[in-house]
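Next, two complexes with chain A in common: one pairs it with chain B, the other with chain C.
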Partner chain A sequence: MKKTVDVALPVGPMHPCWKEPVRLKCEMKGEHVLACEVELGYAKKGIERIMRGRPWQEVMFLAERICGICTVIHNYVFIETVEEISEITVPERAEYLRVIVNELDRIQSHLLANFSYCYTIEHETLGMYLLSIRETALDQLELITGARITCAYMIPGGVRFDLSGEDAITLQEGLSAIETETMRYRGMFETGPMIGLRSKGVGILTTEDAKIVGAVGPTGRASNVPFDVRSGHPVYQRLGFEPVVYDTCDNWGRIMARFDEVLQSCALIRTCLLKMKPGSIRGGGAIKGGEAVHSGEAPRGELRYYLKTDEHGRVIDISIRTPSIPNIEASGHYMIPGVSSAADVTSSFISCDPCVSCCER
Partner chain B sequence: MTYSILLYLKEVLRPESIRLFFCAKTAPLILPKHFRNFPETTGRECTNCLACMMICPSDTAIEVLKIKGEWTPVIHKGHCVRCGFCVEACPENVLDCGRVLDLQRRDRISFYSEFFITIDPTLCKRCGNCSVACPVNKEIDPTLAGSGTPVSDEVIMKIIDGEMRVIHPEKCTGCSTCELTCANNAIRVARVVQAMQVPEELT
Partner chain C sequence: MSLLQKIKNTVRSRSIHVCYVNTGSCNGCDIEILACLGPRYDLEQYGIYVHNNPREADVLLVTGPICQQWDDKLKSIWDKMPEPKVAVAIGNCPISGCLYDREGSYVNPPASKYIPIAAEIPGCPPCPREIIGAILSLAPEIFRDYEEKNK
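Here is the complex of A and B:
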């Protein structure tokens, strides 16, 4: 980077606000940030190489372990790619169960992202409140799948376990708790004067810039780019899904978009529970050879899997494109340059919900 | 400033918040019943069918050993990812974790699997390690471990005329011990697993 300024400020790779190692090299003029460069590569696992030569029952667990926060969607998209190659159809009840688990995972991921932002702007009280309701979402996940984070719920041809009547009632109660609490905390965030001072008009990503850099997920939708892969998914179309869009283009809009998506996910789960009819949850079907590209909407944006299998269903080649890559680029090139304080660098970066382990795999 | 203080008081003086302040307690550290923990044996007799080793997604997390004259599945907890696949795959219900076994009975779910052994002759160096390590071969030919060469023709694979030949592929249980033993990744066992559910009418 060309040296144009008086201070070069490195943020990271180890920083109290970062959950994962990443380094931002900021060029400052006083407190004003002129340019920023993101340096990745501290958490490379080489997981795509490990996946090669293995059958689905091993790769699905490796796919879950790409990211520790949004494990379910990696499982979901990998299994849907396998089903697309092998032309396996899924029973209707299993489709709705998949959506329920996926949306619960989105709730907990968004709440963690918002906690992280509140922690970064030093509003730890609201952050801890959010973590407290995240536990309720994780309890519901554990009730359905048996595990809190690495659920291993979806398999080719269906899901692993059925949802019983008593469990559905417990799930409804948990959802009501999440909804009422999220409404309260959303109100606090929306009206909090100190939060407004730290968030409104900070870290601007205009609609044109978001389209150029390809920002996806809540980062893009808060910049008025109404793109959501769920709108094209057949099950979500049946549920009447509409993406949440904000046009404020700043940190405040991104966090509010996530709060709204949490409430939207709760509504989607309720619709699923209403529409679900008793029936089979697995259809069987062997894995065939072939190749396919499939996308799904992760909590951070569009997640895309390219998969090639041999005649016995083992993975020959796999390539994963995670949503954090364009979002981190958007943050480094558009949001951070121009902020008027060094303290806003961390909060602008965290507001795009960067997941470094996803990004580097 | 005044607005902030008012907001703070409004938040703190809620009945729920006052109750939490005076009756603060953490959740008890008890695992719920539905938590999928490490698999444990239920006490039923293991038939050494090796379905658990076949389905296990983690290399060498489960092993079937003869302990005091009885076959017993042994879980290596450092490798186990607590997926519960072995519980679902076991036809004799030897293992259980969380409520997987109950759900399996309730939902009538199972796995159906097929195996295909392939040997790449350009990679194979004819060491015969796979043939000696194979647990099915050990059962068929008990002298195998001592001599290092199978004498029986009933084994799954052995070296004939300097070539590794698969004689009885139908006996393979897909446990993938040969894959892990092979130094060159020459022998591969394709395990094609399907997730099945028995329809309610048939039960």
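Here is the complex of A and C:
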């Protein structure tokens, strides 16, 4: 990729804005970024290789530790794949409890992503507000599952713990706090003049480019690609789910899409609490052999598992496609080249919410 | 104890600079370190500042099971830090590799093979209050009377 270049600017692998090791090699002409190359490989652990040949009881915990920020969805999709192979049905209450925990995880992940963006554009005040409200979401997660991050809440046939009436009231109060505060911070982000200068029209990913590169999640939806795996999920269809779509195609739209999804997740949890009836939270069933492909909507986009097991439940083959791969590609190929300042490189990269440990596994 | 040492001890106890390095962790420990920065746990009220720059750090927080890429880089980051310095391993990964240290993986734990680790905080991931507690109990012990001890 050598061109007429003034400066080659490396960013990372250790950088104050990065939470995980990744390196961007930018080619600059003055302050103008001409090209960018993303260098991955600092967090490769070979999880899929470890998974092969192990029983599902072990792989379940390994799958959860692919990514620390979106642990719940990895657990959710892996367990749903196992259930699809073994034809296990889940009680209705457990289905709603799964959605509640998944949406709480999405809330905390989106708030963390928006914190990272605000921190990167040097708006630390708003970032700290968002971290503060994220703790409320983590408290609710701890209340239901017993752990803040790696909770292993879902198991084949249901969930581990029930939600008691008192806890449901605490959850409602927590949701009200999250909603009011998020509305306030969303307003601050929407109208902030300095935030607008740093975000509007920066890191453009047009709809055509998003379709070519296959951008998923809020990154794709902010570029007017109305694709959300939750629209096809039977439980979410019962809840009347509609994806959030923005057509601004820039950093500002991606962050606003995440704010809107936080509010949407709060509404989904409330609907779940209304629709939930008392009953069993754990069904029965036996693990069978077979293979299946299953998708779920992670906070960053579509997460897909291919799983092949033998009749004892041992994993013969597994392949995981995480949403960060197309999003990092979109960021490196389309968002960053063309930004007019070196300071916008980090903010454009963070705006697609890259999760390197997800991406490399 | 000299007057200069007394002043240094007082000043150092409220000015601990922290740098964290992710050597291939799953982000679980990193977001718990990040939660420490937030208003609820608020590291800065104890005089601990996170800059993520090894050249001005006193404490290095190591997360992750040391992937192959980090075999030599972790040592070079440690060498960049000025004295007095201390390294803390956060989570099970730098201590034992957690569940990644199996046959066929690309990890090479523990972190103490590469740099001297002064404290280990187990947990997958540990709570923010455990991380803060470890830094607060460890750092003053290491930095107290540093110049007189190392004359």
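The rule is short, and it goes like this: the second predicted complex is superposed on the first by the 361 of 361 C-alpha atoms of A that agree within 3 Å, B and C clash if a C-alpha of one lies under 4 Å from a C-alpha of the other, contacts with A are read in each partner's own complex, and residues count from 1 in each chain.
Here is the rule we use: a contact is a pair of C-beta atoms (placed from the backbone, for glycine too) under 8 Å apart; a residue touches a chain by one contact, two chains touch by 3 or more.
What you see is a predicted model; the values in this text were computed from it and never measured.
J.: Will chain C clash with chain B on chain A after the two structures are superposed, or do they fit?
T.: By the criteria stated at the top, chain C and chain B fit after superposition, with no clash.
J.: Would you sort A:G165 into first (chain B), second (chain C), both or neither based on which partner it touches?
T.: In the superposed model, A:G165 contacts neither chain B nor chain C.
J.: When the two structures are overlaid on chain A, which partner does A:T150 contact: first (chain B), second (chain C), both, or neither?
T.: The answer is both, since A:T150 touches chain B and chain C.
J.: Give one of first, second, both or neither to describe whether A:P234 is in contact with chain B, with chain C, with both, or with none.
T.: Neither: A:P234 stays clear of chain B and chain C.
J.: Between chain B (first) and chain C (second), which does A:G313 come into contact with in this model arrangement: first, second, both, or neither?
T.: first
J.: Tell me which partner A:L131 touches in the superposition: chain B (first), chain C (second), both or neither.
T.: second
J.: Please work out whether A:Q57 is in contact with chain B alone, chain C alone, both, or neither, and reply first, second, both or neither.
T.: first
J.: After the superposition on chain A, what is the angle at the C-alpha centre of chain A formed with the C-alpha centres of chain B and chain C, rounded to the nearest 10 degrees?
T.: About 60 degrees, rounded to the nearest 10.
J.: Taking the superposed arrangement, what is the smallest distance in Å from a C-alpha atom of chain B to one of chain C?
T.: Shortest inter-chain C-alpha distance (chain B to chain C): 6 Å.
J.: Would you mind listing the overlap between the chain B footprint and the chain C footprint on chain A?
T.: 58, 61, 150
J.: Looking at the complex, which residues from chain B come into contact with chain A?
T.: Interface residues on the chain B side: 3-4, 7, 11, 32, 34-36, 55, 57-58, 81-85, 88, 98-100, 103, 106-107, 109, 112, 114, 116, 185, 188, 190-197, 199.
J.: Spell out the part of chain C that touches chain A in their complex, as residue ranges.
T.: Its residues touching chain A are 21-32, 34-35, 37-40, 51-54, 64-65, 67-70, 73, 77, 98-100, 102-107, 124-125, 127.
J.: Going by the contact rule set out above, which residues of chain A touch chain B in the complex?
T.: For chain A paired with chain B, touching residues are 53, 55-58, 60-61, 142-143, 145-147, 150, 152, 155-158, 160-162, 164, 188, 191-194, 280-287, 312-314.
J.: For the complex, give me every residue of chain A touching chain C.
T.: On the chain A side, the touching residues are 13-16, 19-21, 41-47, 49-50, 52, 58, 61-62, 65-69, 71, 112, 115, 128, 131-132, 134-135, 138, 148-150, 355, 357.
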